[in-house]
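There are two complexes below, and they share chain A, which is joined by chain B in the first and by chain C in the second.
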Partner chain A sequence: MNNRSAIHLIVPAFLGVLIFTFFPLIQIAIPTFQAKGNVFAEYVRFLQNSYNLQVIARTFMISVITVIIVLVLGLPVSLWIARQKVGVKQVLSLLILFPMLTNAVVRNFAWIIILGKDGILNKLFMALHISNQPVSILYTNISIVIGSVYLFLPIMITSLIGSISELNIEVEEAAAVLGATPLTSFFKVLIPQLTPGIFTGCILVFAGTMTAYTTPQILGGNRHLVMSTLIYQQAMTLGNWQSASVVAIVLILISAFSMWLMRRISHMLDRRPSLA
Partner chain B sequence: MANLEVKKLAKSYDGKNKILQDISFSVKDGELVSILGPSGCGKTTTLRIIAGLLDESSGQVLVDNKDVTKVPVYKRNFGMVFQSYALFPHLNIFENVAFGLKMHGMNKSEIKTKVEEILEITGLTEYVKKYPAQLSGGQQQRVSLARALVINPQLLLMDEPLSNLDAKLRLKMREEIRRLQQKLKMTVLFVTHDQQECFAISDRVMIMKEGKIDQFDTPQNIFHHPRTEYVARFIGYDNFIHFEQTQLIDKHRIQVKGRVFESVDECKNAKLLTIRPENIEITSQDEAENVMSGTIISNEYLGQSFKYRIKTDLGEFQVEESRKKMRLVGEQVSLFLPAKHLHALSE
Partner chain C sequence: MLNSKNKILTVISIIVLAILMLPLILVVITSFNTQNSISLPIEGFTFNWYANIFQQPDFIAGFESSLLVALIASGLALIIGIPAVYALTRFNVPKASWFQSFFLSPTLIPEIVIGFALYQTIVITIRIPVFIGLIIGHFLLCLPYVIRLITASMLLLDRHIEEAGWVYGCSPRKTFFLLVLPNIKTSIIAAFMMCFINSFNNMPISLFMNGPSLTMLPPAILNYLQNNYDPTVSAISVLLMVFTGLMMFLVEKAIGLKSLTK
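== the complex of A and B ==
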């Protein structure tokens, strides 16, 4: 079979993917454009509203902070797990994924119990005399970040364990023999080799946090809306489907742009030639 | 470079199972010493402890009479070549070789001169801008050698550096390593499981067995005077005649099953006689000293010679014979074991 006829075989699958992924998107996008006057009038109106801009900024900041915390926490843990013996490694990898098996609502209610005014954390703070009155953590941006970190840490760790396991440990030993201290070896030898894995993990976590709904809804409450909860409010509470669609499209554009930017940075940092 | 001394080095992970059992040896300045043995004999463990990549359980490593046992790996200033080459995949060849110099805090212009000099010696000048993944196995091997040598190490450690190369390249590279070693007067410790390879390039060879040194001598001495059956088997002595001290006739002769054998070595306190397959001659005469009869049970064509397995009343013998025509299975033959090739072993 030659290549040309092989290409014909993927046509049905290609059409399927095209229809089922892009058709719903197009359906959302169409009503957001005005037939008369300025085509982008709805978008202009949305972006001129300072409250909306605040929601966009909050969503973006929460995602960025979550990515950073997840990376800083995830990297040492995955390094440690990846360098264990095979059996131990498998058990630990499974344990890491365990939180993901619980229902999202249940998981977040557990955090309400921990973070609430009468929660375990506040009782601990008061018992240790760190504060005299309950601190409000729940229903703030902090609680959304905590919930998101908890949600996405397993994904980052799993992604990193994969990349670290592929590395040749002799490369780090070679660096040590050549005079590199463990710290130098970490930053100059290990991290550069891991850039693709780190960026894959970051993109997954970033996209996940940007679009997550349950966690910000339960832990953020109604006063700390992010874009996905804003969409829900516009559509279900206010019945304004057009406005909800506008937010959805803006969310998609911001996520896509951020991911493209991260890819670019990743390629710039990863100087290994790709062998095609 | 420097001399190396290892004193009573031992390693055990669980306190019971000893991977290294109090081994002691020394390597002279400018000498190439190979550690030879099958996998699991402790040769790589020894090398890694000397490099500082692995902690010893007890014992000492001395370089130029200074104890380096507790010096961390990154302060030892040794060169090491790994089996996987272990080049930095994210750095180009120049940066790979320059890495060690950078770690030692050398300035840029000095680094450039040094790196270019070593790349010249190893014939890598044209690959400066390439990345490891773009080079062949042999080229990567040379980069790894250049990277280890450029820091002017006190000691060069090589862990099976040639085993990932194909046969032809292996020969070429081992000649190159030997040439560089003699030119730069390097002190080298070379770990391998390939007997031919280590005999070809070493000043002295250390044969290890189960965490102990079985024999440590020049290749010639080991080849002609293996100390134990283990060493003999490792270097191609396939035929053994066991005997008791009661079977001694005189200093050099024994009598087993009615046959008399004479050896070049003294047989007193020995337990075995051994001979290489290519030193046994197939003759027609019987009933003489150092001769026995047998039946061919298998034949094999080796190219320059034929290899036969021959059943005798002293056990099975392997014989290599250069001859135009192959002898057939079942043929009755007499074997002559010349006394000058028949060596006595004590263990």
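== the complex of A and C ==
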């Protein structure tokens, strides 16, 4: 087969992505740059609004905190699972995969049962006399973080198990023979080898949390909007398409820039020999 | 050593795994409650909420359209994606890695933005029916899975197999269908399953494209949850978990679950 027929095979996918991803994006972007005078006027106005800035800051903070918690919880678990015997490892991987493939609505709804006013956490607090009246954890930034951690932890664990399985355990054995405690070995031997894997996982979780809709919608309520729920509210509830487009473009820029930055940092920290 | 025998790791891991499982177990328990609000502990045992699922036209219609859209979008992504990967991995296409990134680029755009932009452009401006808009949106969701999984297995597939086909007089087309496709069968099934599950579970794209006559299941459940707080949501959640379990069982039987997370 020659190159011309190779092009034929690529054309449908190429046009599909071009027409249905990039054309609509340009379509929604154009009106946001048509303000008289300054082309960025819409964006300036958007960023001058303190409520919008609050939404951006909230989205960013929730994503950062989620990534940190997911990493701290995910690392030990993935180490533990990756170094089990094959049979046990398979069963445990099933336990991780099941929530990952379960509908996000179900997984977030489960936390309403736990965090709600009548939720079991409140009942537990009152039974243990930690508090006398129901505390509202649901519909706060904290509940969004909890939901996001729950949503993305399996992805981090799966991703880390992959990188840990590729490591040569003899390196750590050598460290142990030379007198490294498990803690030293963890920070000085394991983490440096895992840096690229950790960053891959973090980028996945960060981008996922940043752009997730279901979790902030179900666990954040109407008073704790993040950028994705703001897009929906502007577009469908308020019918303000222009403003929704501005938020959409800002969201794309922030998440793309963060991902690019994390990838750069990952490359800088990666101490394994490379050709470049 | 930091392995599965380390006590601290074991304790942390068991706690984390319990936290992963507990919420889902609670959902199952609340679905049998006789009270008409979602609470624990439950007061009695009933299947009424499961019966109530089938009284909700949105759930039935939502399930049907989610199933249909997931099947069509996954199939479409395979039909369009596999040839593209084949061309990129087997022929000297100029800028092959650029095309590869281009095909994966929908993953860089937040799904909510894809849904919003498609709805505004395709459905509102060009007036393409909502159902087609849904198929397109879910196709964009699926394509990157196909590109990634099929590329991985095409790179592992020995080129000599195809050369052998040509030597024995197979046309390139016949070689593709009789030699290449059967050899990458596992990753085709894996890609299909990943597409299907993710499309079926998708919320952000389906959210915008809800016509008066067309509801998808995840938005329908969200909508119900926001208007009623009764264990019907728990019951349908349990059915969805059974559905997930069934899918995992099928994948395990067909190709082994490991192929999904590769």
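We adopt the following convention: the second predicted complex is superposed on the first by the 252 of 276 C-alpha atoms of A that agree within 3 Å, B and C clash if a C-alpha of one lies under 4 Å from a C-alpha of the other, contacts with A are read in each partner's own complex, and residues count from 1 in each chain.
In this text, a contact is a pair of C-beta atoms (placed from the backbone, for glycine too) under 8 Å apart; a residue touches a chain by one contact, two chains touch by 3 or more.
Bear in mind the structure is a predicted one, so any value in this text is a computation, not a measurement.
Trainee: Report for A:V86: first if it touches chain B alone, second if chain C alone, otherwise both or neither.
Mentor: neither
Trainee: In the overlaid three-chain picture, which partner chain does A:M268 touch, first (chain B) or second (chain C), both, or neither?
Mentor: After superposition on chain A, A:M268 lies in contact with neither partner.
Trainee: Examine A:G16 and indicate which partner it touches, taking first as chain B and second as chain C; both and neither are also allowed.
Mentor: A:G16: touches chain C, not chain B.
Trainee: Which partner does A:E173 contact after superposing on A: first (chain B), second (chain C), both, neither?
Mentor: In the superposition, A:E173 touches chain B and chain C alike.
Trainee: Between chain C and chain B, which one touches more residues of chain A when both complexes sit on the common chain A?
Mentor: Comparing chain B with chain C, the partner touching more chain A residues is C.
Trainee: Go through the superposed model and pick first if A:P192 touches only chain B, second if only chain C, both, or neither.
Mentor: First partner only.
Trainee: Would you check which partner chain A:A127 touches, where first means chain B only, second means chain C only, and both and neither mean what they say?
Mentor: It touches nothing on chain B or chain C.
Trainee: Between chain B (first) and chain C (second), which does A:I112 come into contact with in this model arrangement: first, second, both, or neither?
Mentor: In the superposition, A:I112 touches chain C alone.
Trainee: What is the contact status of A:I30 with respect to chain B (first) and chain C (second): first, second, both, or neither?
Mentor: Neither partner.
Trainee: So which positions on chain A get touched by both chain B and chain C?
Mentor: 173, 176, 182
Trainee: Write out the stretch or stretches of chain A touching chain C in their complex.
Mentor: Chain A residues touching chain C: 1-3, 5-7, 9-10, 12-14, 16-17, 20-21, 23-25, 27-28, 73, 76-77, 79-81, 83-85, 88, 92-99, 101-107, 109-114, 116, 118, 120, 123, 150, 153-154, 158, 162, 169, 172-173, 176, 182, 185-186, 190, 210-211, 213-214, 217-218, 228, 231-232, 235-236, 241, 244-245, 248, 251-252, 255-256, 259.
Trainee: Quick check: in the complex, which residue numbers of chain A touch chain B?
Mentor: Residue positions touching the partner: 168, 170-171, 173-182, 184, 189, 192-193, 270-273, 275.
Trainee: Of all residues in chain B, which touch chain A in the complex?
Mentor: Contact set of chain B toward chain A: 51-53, 73-80, 82-84, 86-92, 99-100, 103-104, 131, 133-134, 144, 147-148, 151, 157.
Trainee: Looking at the complex, which residues from chain C come into contact with chain A?
Mentor: 1-4, 6, 8-10, 12-13, 16-17, 19-21, 23-24, 26-27, 30, 37-40, 80-81, 83-84, 86-88, 90-93, 99, 102-103, 105-106, 108-114, 116-118, 120-122, 125, 136-137, 139-140, 143, 147, 172, 197, 200-201, 203-204, 207-208, 218, 221-222, 225, 233-234, 237, 240-241, 244-245, 247-248, 257-258, 260-261
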